[in-house]
Amino acid sequence: MQFLPMRLLPIDIAGLAVLFWLALGLLGLLASARPAFINRMLFPLSAAGSLVLAATGIAAMDDAATVMILPLGLPDLPFHLRLDALSGFFLFLLGAAGVGVSLYSAGYFRDTAGPTLGLLCLEYHVFIASMAVVMLADDAYLFMVAWETMALSSYFLVTTEHDQPQIRHAGFLYLLIAHVGAVAILLAFGVLQGGHGDYSFAALRAAHLTPGWASAAFVLALVGFGAKAGILPVHVWLPEAHPAAPSPVSALMSGVMLKTAIYGFVRVVFDLVHQLQWQWGVVVLIVATLTTLFGVLFALMQHDLKRLLAYHSVENIGIILIGLGLALIYAGSNHPVLAALAMIAGLYHTLNHAVFKGLLFLGAGSILHATGERDLGEMGGLARSMPYTAFFFLVGALSISALPPLNGFVSEWLTFQAALLSPALANGILRSLIPFAAAALALAGALTGMCFVKVYGVAFLGAPRSAHGLHAHDAGFWEKLGMGWLAALCVALGLAPVWLVERLEYVTERMVGARLGAQALKGGWLWLAPVAAERASYSPVIFLLVIAAVVTLTFLAVRRIYHGRLRLADPWDCGFPLLDARMQDTPAGFSQPIRHIFAPVYEMERHLPAATDPDPYFSLEIRDRFWRWLYRPVAAAAEFSARQVGRLQQGRIAVYLLYSFVTLLFVLLFVR
Amino acid sequence: MTSGIVSQLFQSALAVLAAPLLIGWVNMCRAWLQNRSAPSLLQPYRALHKLFHKDAAISRNTSWIFRFNPYVQFGCMWLAAGIVPVLATDLPLAPAADVVALVGVFAVARVFAALAAMDTGTAFGGLGARREMFIGALAEPAMLIVFFNLSLIAQSTSLNTIVETLAHGNFLIRPSFAFAGVAFYMVALAENARVPVDNPTTHLELTMIHEAMILEYSARHLALIEWAVAVKLVAYSALGIALFVPWGIAEAGNTAALPLALLALAGKLFVGGAVLATLETVLAKLRLFRAPEFVATAFLLAMLGVLLNLVLQR
Amino acid sequence: MISAAWFDQIISLLAAILLLISFAMLSQRRILSLIELFAWQGAVLSASTAIVAYSANLHHLYYSAAITFALKVVALPWLLHRLIRRLNVRWDVETMINIPSTMLIGLALVVFAFNLAQPISQLATGAARHTIGIATATVLLSFLMMITRRKAVPQVIGFLAMENGLFFAATSATHGMPMVVELGIALDVLVGTFIFGIFFFQIRETFDSLDIRHMEKLKER
Amino acid sequence: MVEMLWLLGIPLAGGILQALAGQHRYAAELGVGLSFGTLLAAAALTVRVIADGPMLVFGEQFFIDPFNVFLVALTAFVAFTTAVFSRPYMRIEEHHGRLSTGRLRLYYSMYQLFTFTMLIGLTTNNMGILWVAMEAATLTTVLLVSLYRTPESLEAAWKYFILCGVGIAQALFGTILLYFAAERTLGTGGNALLWTHLDQSKVLLEPTVLSLAFVFLLIGYGTKVGLAPLHNWLPDAHAEGPTPVSAVLSGLLLNVALYAVVRCKVLTDGALGNHFAGNLMMGFGLLSVVVGTFSLSRQIDIKRMFAYSSIEHMGIITFAFGMGGPVASFAALLHMTMHSLTKSAIFFAVGHAAQKSGTQIMENIRGLIRTNPTVGWGLALGTFAILGMPPFGVFTSEFLILTTAMHEHSWSTPILLISLGIAFAAIFGKIQPIVFGETTLPRLPHPPAILPVFVHLAMVLVLGVYIPPALAEWYRQAARFIG
């Protein structure tokens, strides 16, 4: 910790960063009249705060946990803060993503009116500060306070443009599901507390639960945190809320806020409940697998860019949970070393997703800013008018598609490695269940690749489909800086996995009681070998170097032996002369084969034009089946119950007296 | 170690340089089977040479991706051919990328090919990209599952270790192996744009997949792509050979066994090319929407293999 | 000197009369008769209070009896009379449930009340043994009356009758509540009746009738 | 002693004074001054009780302990802020021609008397006087509810009067039974109804009688608390009365009634030595939560909706008191405070919103945050607070209640979970378009008194993250004593 003066403990620095953020937020509210100050001063400062937090988090991972107790909170329960390896990792995640998003925000909101911006600045900083507190909290009360503050501040951020009804609807759905989830989490803490009114995590950890109660806590935690993370079937808020929010906020919500749910799940299940049972892992694995496939299949069908990215968040949460589910299964079957690998895979993907999804949302924001469009069908050819955005977006797209040597590949690779260790399990059913998850993951990865070819191809390549694209301008300096930071992280995390995996071992040591095996990571920083070098290894740096060398070599050889003469011409297109931009593939067209193959998954409403139609138009609407399966019935049941209860209040005083009378008689009977 | 580097360099160079030869051989066999007079075995080299000499013409719509793509294709395929142990199992490059990464390499190539196709802004480009991606999206997991099956047997995802185990270990034929083999072959056909999924010799717009993507390419770019296609075929063939008929491969550190291994490889490729040509002649190309069924079958077979493997393990 | 048992007998008798009046009120359709019955009830209550006062030699119960008499036999009936004359609501009232059924339910209630009071009665001494059950029954019957009436005035009379039952319970079972409390209760009843009166006028002014069926607008739709 | 005199004297004298001078131009200011005086007296009394511990005054007739002094302070405070709020509010009503000067006089007078009755009810040591005070509170509020003299307000007031009158009569029967039981141990006379005496000898009280008495008392005072299915008067009275009255009904009267129930519960628990009273309260509490929440979604009138929300919260508090134990009782007391402050703040904001748009129908109130940001934010934050969003204090108590329930009565948590979810969906779904969205509404003739809203919310916010040790100790003492 030499780089810090005054010998502050990591937790002190983290606490100061949180305070710093809150101060920036308040300053923003006060400086509503001077938007330039907020943009040019506060947001870059906020990024600096994020950087400090990220550094603190990563530095704290290999130290012993540090604690802090604040004289706030409940009378018998002051706010406990604790920074251990797990918190450190997630703070790093928050800080790393926060740097990019804050830098980006410094430019993105330049056209926003002062009062809105001031409020937004406050909400933004309360949002990130509350996320940091969630990760630092060491008692159930502070955790819940920070958790709900996070939900509330992000709700206000989502509804920034609240004069549009669909945005209000999105905000409503979001906060409702978040709140119900929060109550479930709260009940999980209720299960864990020993009835002494002591809600510190130390006390919860010490509680001895019967397997039944432990399972109840697990289920409540899964539902509660799942609602925030967006697992099936409580994912519906995600594709509504993410598009509604301003893009930097979407980046934060998808990139970081969903991860707080992962953090909470790990904290509660692995750390607090900690009497792990493999059956829980099966539940998580099944849910995660379905979530993964569902997310990617619906993402493919979207033509609203931010909605599409939101569905990919659902998918990626599924991938993360596949890792964690495997960790549960292994840990519950007494294979802590394997559990450590699975957990590292899950956590690695958590960080990766934060980085590349943040980057992609920022890219989407730049497109939105430049063209005013979120609909892919109106884009095209943006790579020429906004080359920087296009490049950064490509990095993000390749990362999320799990292509080597970028970061998305590393975590999927680790997850596969963890899944391939299933023969170690004694239970035959489990052994054969895990490959299905791996297969689903493989399928999801390939489909993601397809989806991002669609996105990138339709948005950035080809010819502009509408006039917006012609007048598009590239992102400004701050935006480029923000996206550049995240893109660089995508590359760095892809190239130096060992650096992070070694730190993640501190987390698994605490959570599942083991590090990776003795033979793991023997090859130094260059070789990622999570079990042993003979078992599996991967070296992204060498991989990249070889590809780069081969490509350069080829390029030079071709130029040297032959020539580099080039001529620009109109596209040939098999000689068709009247080519125009509308003949390019549409987003819906691109994913049509998938829609065809996976037809049973979707609830489709198609309008096919007839031959005699004067204004032939093809329209297609794809809906989430869960609305029909789950949400509408629940809403109808609630409505029905409300109507029945409403009948109690039917206006006649005699009837009211009768209620009173009957109640009296009934209770008297009960006494007798 | 030195022997490793020697065999690495040798193998990589060989795979790239000899790749058009395999294409030539397959074309030759096919011509014979179809009762045509065959072109020369070296015809592909001549075609490449001709293309390299031409001036490139590029659509105005395109971005850097379009021009970059041929090099990516070529580089990826070269890397793939370089990490599959066909001659020896001590390739120093192999640990840098295991089977999963190998699939990743193919995926990178595919994604760039599709992006480049969409970059042209033409109807055919998008059509080709869409078809390529959806076939690929189904083939890729099938491929992974095949590899998983072998990994479970060898308890490793490292290609060196897998091949070593399969070739030299006291290995028993397992039922799962047969499933994996058939699945692999089906996936390989799909991935290499061969009949029954695609036909490399047709430009019929209703059915073409791979060719639709490269319609706009010309001259050296097209040459690189064609060459990369050839290398890909070699890489896949080598992979199939290494995984399913690895006998004769040189053990680690045994440089003396290399010539023998080379001979064995040539023989296997010779047979393999002939089989491929026969299959392409005998089979009819599937309707486009039958193709997913074909790949899905491969996927299921691979999955069945894995399950058999796990169930029969103890 | 009359023996304590004799007083108990008288109080039991008065209790029986009280119950009888309650039944009469339950079956009575005419408002004027209802008011008369209410006054009689007050009188019986007052008398029983006085007897308890005499037998237990409790002075404050005399005041209580006097207040009861003044309030429930004189003041309230007079007020109510004046009201209905001013409001001109002398007509018969229809009950929600027909009278015989109401009586049957009332009978069941009495049985219930006696059963309910049994454990308490066993603790009590003297007349209280019987009176608690009867007081409970009176309260419940008044409650029933309030439920079945459709006009505002009978409802209020039911309410006041209930208060009578409570008073009877207080005096006979416990020899009256402390004086402060009794005074407070009396004040509340008086103010309450005044407010009821004001309400009658306002309701009539607003709805042109004292039929509470007009007041069923506020409900869930 | 002196403080008590001032505490009760000021509102009583104020009531008479306003009855005489309430038509004067400065009657509103006078009302604020009187309420402020009461607040000062309450503060002084609070300081005294904190310093010296529980005390008996006026010959044991009044008893102040941590439990009621906290409610006295709360009552005086909310009564004061409501007076502040009602000053411009009633002026605007007068300006709109909805109220005449005479009515205003009635309002100002009854407001003081209502405060007086509540303070009497809270401080009295005599269970009989408690009953008298509750009845008197009903009488004063009936006049307040019917202040507008519209058909609806008359109907609401009539129902309120009849239902609560009947309910209160049950409570009197319960009180008589209590006296009957007490008489046997404490002897006849005034002492037998003094709570301090009853408390000391509660184990000796006859259990059968006490259980019967508690049923009558619970049903009686419970009617006034608004426990389902005795709650039917509550939404009507809240919706049709003037908004300041809705605020004090929800914020204060319900608390005082619940206070009475809890006092009775303490005795019953002592006499019975089992969980009978607690179980009954939990049952009624849960039922109220369910009825309250499920009624929310079909409301079209904004005040009516928040009235149902009050039923829900009273249900939660009753449930918590029913659970008992130091944590749950602590939480229940905290929730009482938070609900009072928050709900009255909401009614203030709602009052301004409704006044501004000239309607209480929610569909016609839109876009407050644009036309009047302070009212809009006040309503939004108040709504989030009442829905149990941290860092507002309502969450604190709900946190404690839910976790305790999960631990001790886990069967009840699914009901609570569903109810809280439904309540959230209903209230939030209706308030969101009111606060957000577009609108065109005129400005008000008098500037709104929005300060009380933010003062209340700020207190709720602060208490959500920090409960001062003195206050916590105070709650803890009260909780210990409730058991």
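Should a chain be cited, it is by its letter among A, B, C and D, assigned in written order, with residues numbered from 1 in that chain.
The working rule: a residue touches a chain if its C-beta (ideal position, glycine included) is under 8 Å from a C-beta of that chain, and two chains touch if they have at least 3 such contacts.
The model shown is predicted, which means the values in this text are computed figures rather than measured ones.
Visitor: Just to be sure I understand: the centre of a chain is the mean of its C-alpha atoms, right? Then which chain's centre is nearest the mean of all of them?
Guide: A
Visitor: So which has more C-beta pairs touching, A-C or C-D?
Guide: C-D
Visitor: What is the distance in Å between the mean C-alpha positions of chain B and chain C?
Guide: 100
Visitor: When the centre of a chain is set as the mean of its C-alpha atoms, what distance in Å lies between chain C and chain D?
Guide: The separation of the two C-alpha centroids amounts to 31 Å.
Visitor: What is the distance, in whole Å, between the centres of chain A and chain C, each centre taken as the mean of its C-alpha atoms?
Guide: Roughly 69 Å separates the two chain centres.
Visitor: In whole angstrom, what separates the CA-based centres of chain B and chain D?
Guide: 78
Visitor: Would you pick out the residues of chain C that each touch at least 2 other chains?
Guide: Expected reply: 116, 143, 146, 155, 212, 215-218, 220-221.
Visitor: Quick one: which residues in chain A touch 2 or more of the other chains?
Guide: 646, 648-649, 653, 657, 664, 668
Visitor: Specify, in ascending order, the residues of chain D that touch 2 or more different other chains.
Guide: In chain D, the residues touching two or more other chains are 158-159, 162, 166, 212, 235, 295, 298.
Visitor: Which chains touch which?
Guide: Result of the pairwise touch check is A-B, A-C, A-D, C-D.
Visitor: Quick check on the complex: what are the chain A residues that touch chain B?
Guide: Interface residues on chain A, with respect to chain B: 380-381, 383-384, 390, 394, 398, 401-404, 409, 412-413, 416-417, 419-420, 422-423, 428, 431-432, 435-436, 438-439, 442-443, 445-447, 449-450, 452-454, 456-458, 460-463, 527, 533-539, 542-543, 546-547, 550-551, 554-555, 558, 561-563, 565-574, 576, 579, 581, 583-585, 589-594, 596-597.
Visitor: In the complex, go through chain D and note every residue touching chain C.
Guide: 61, 126, 128-129, 131-132, 135-136, 139, 142-143, 146, 149-152, 154-159, 161-162, 165-166, 169, 172-173, 175-177, 179-180, 183-184, 188-190, 192-193, 206, 208-209, 212, 235-236, 239-240, 295, 298
Visitor: Would you pull the chain C residues touching chain D in the complex into a rising list?
Guide: Going by the criterion above, the answer is residues 58, 116, 119-120, 123-124, 132, 136, 139, 143, 146, 152, 155, 159, 162-163, 166, 169-170, 173-175, 177-181, 184-185, 187-188, 191-192, 195-196, 199, 202-203, 206-207, 212, 215-218, 220-221.
Visitor: Show me the residue ranges of chain C that touch chain A in the complex, using the header's touch definition.
Guide: 96, 112, 115-116, 140, 143-144, 146-150, 155, 212-213, 215-221
Visitor: Could you list, by residue number, the parts of chain A that touch chain D in their complex?
Guide: Per the stated touch rule, the residues are 71-75, 79, 140-141, 144-145, 147-149, 151-152, 159, 162-163, 165, 168, 171-172, 175-176, 179-180, 183-184, 186-187, 189-191, 193-195, 197, 199, 216, 638-639, 641-646, 648-649, 653, 656-657, 659-660, 663-664, 667-668, 671.
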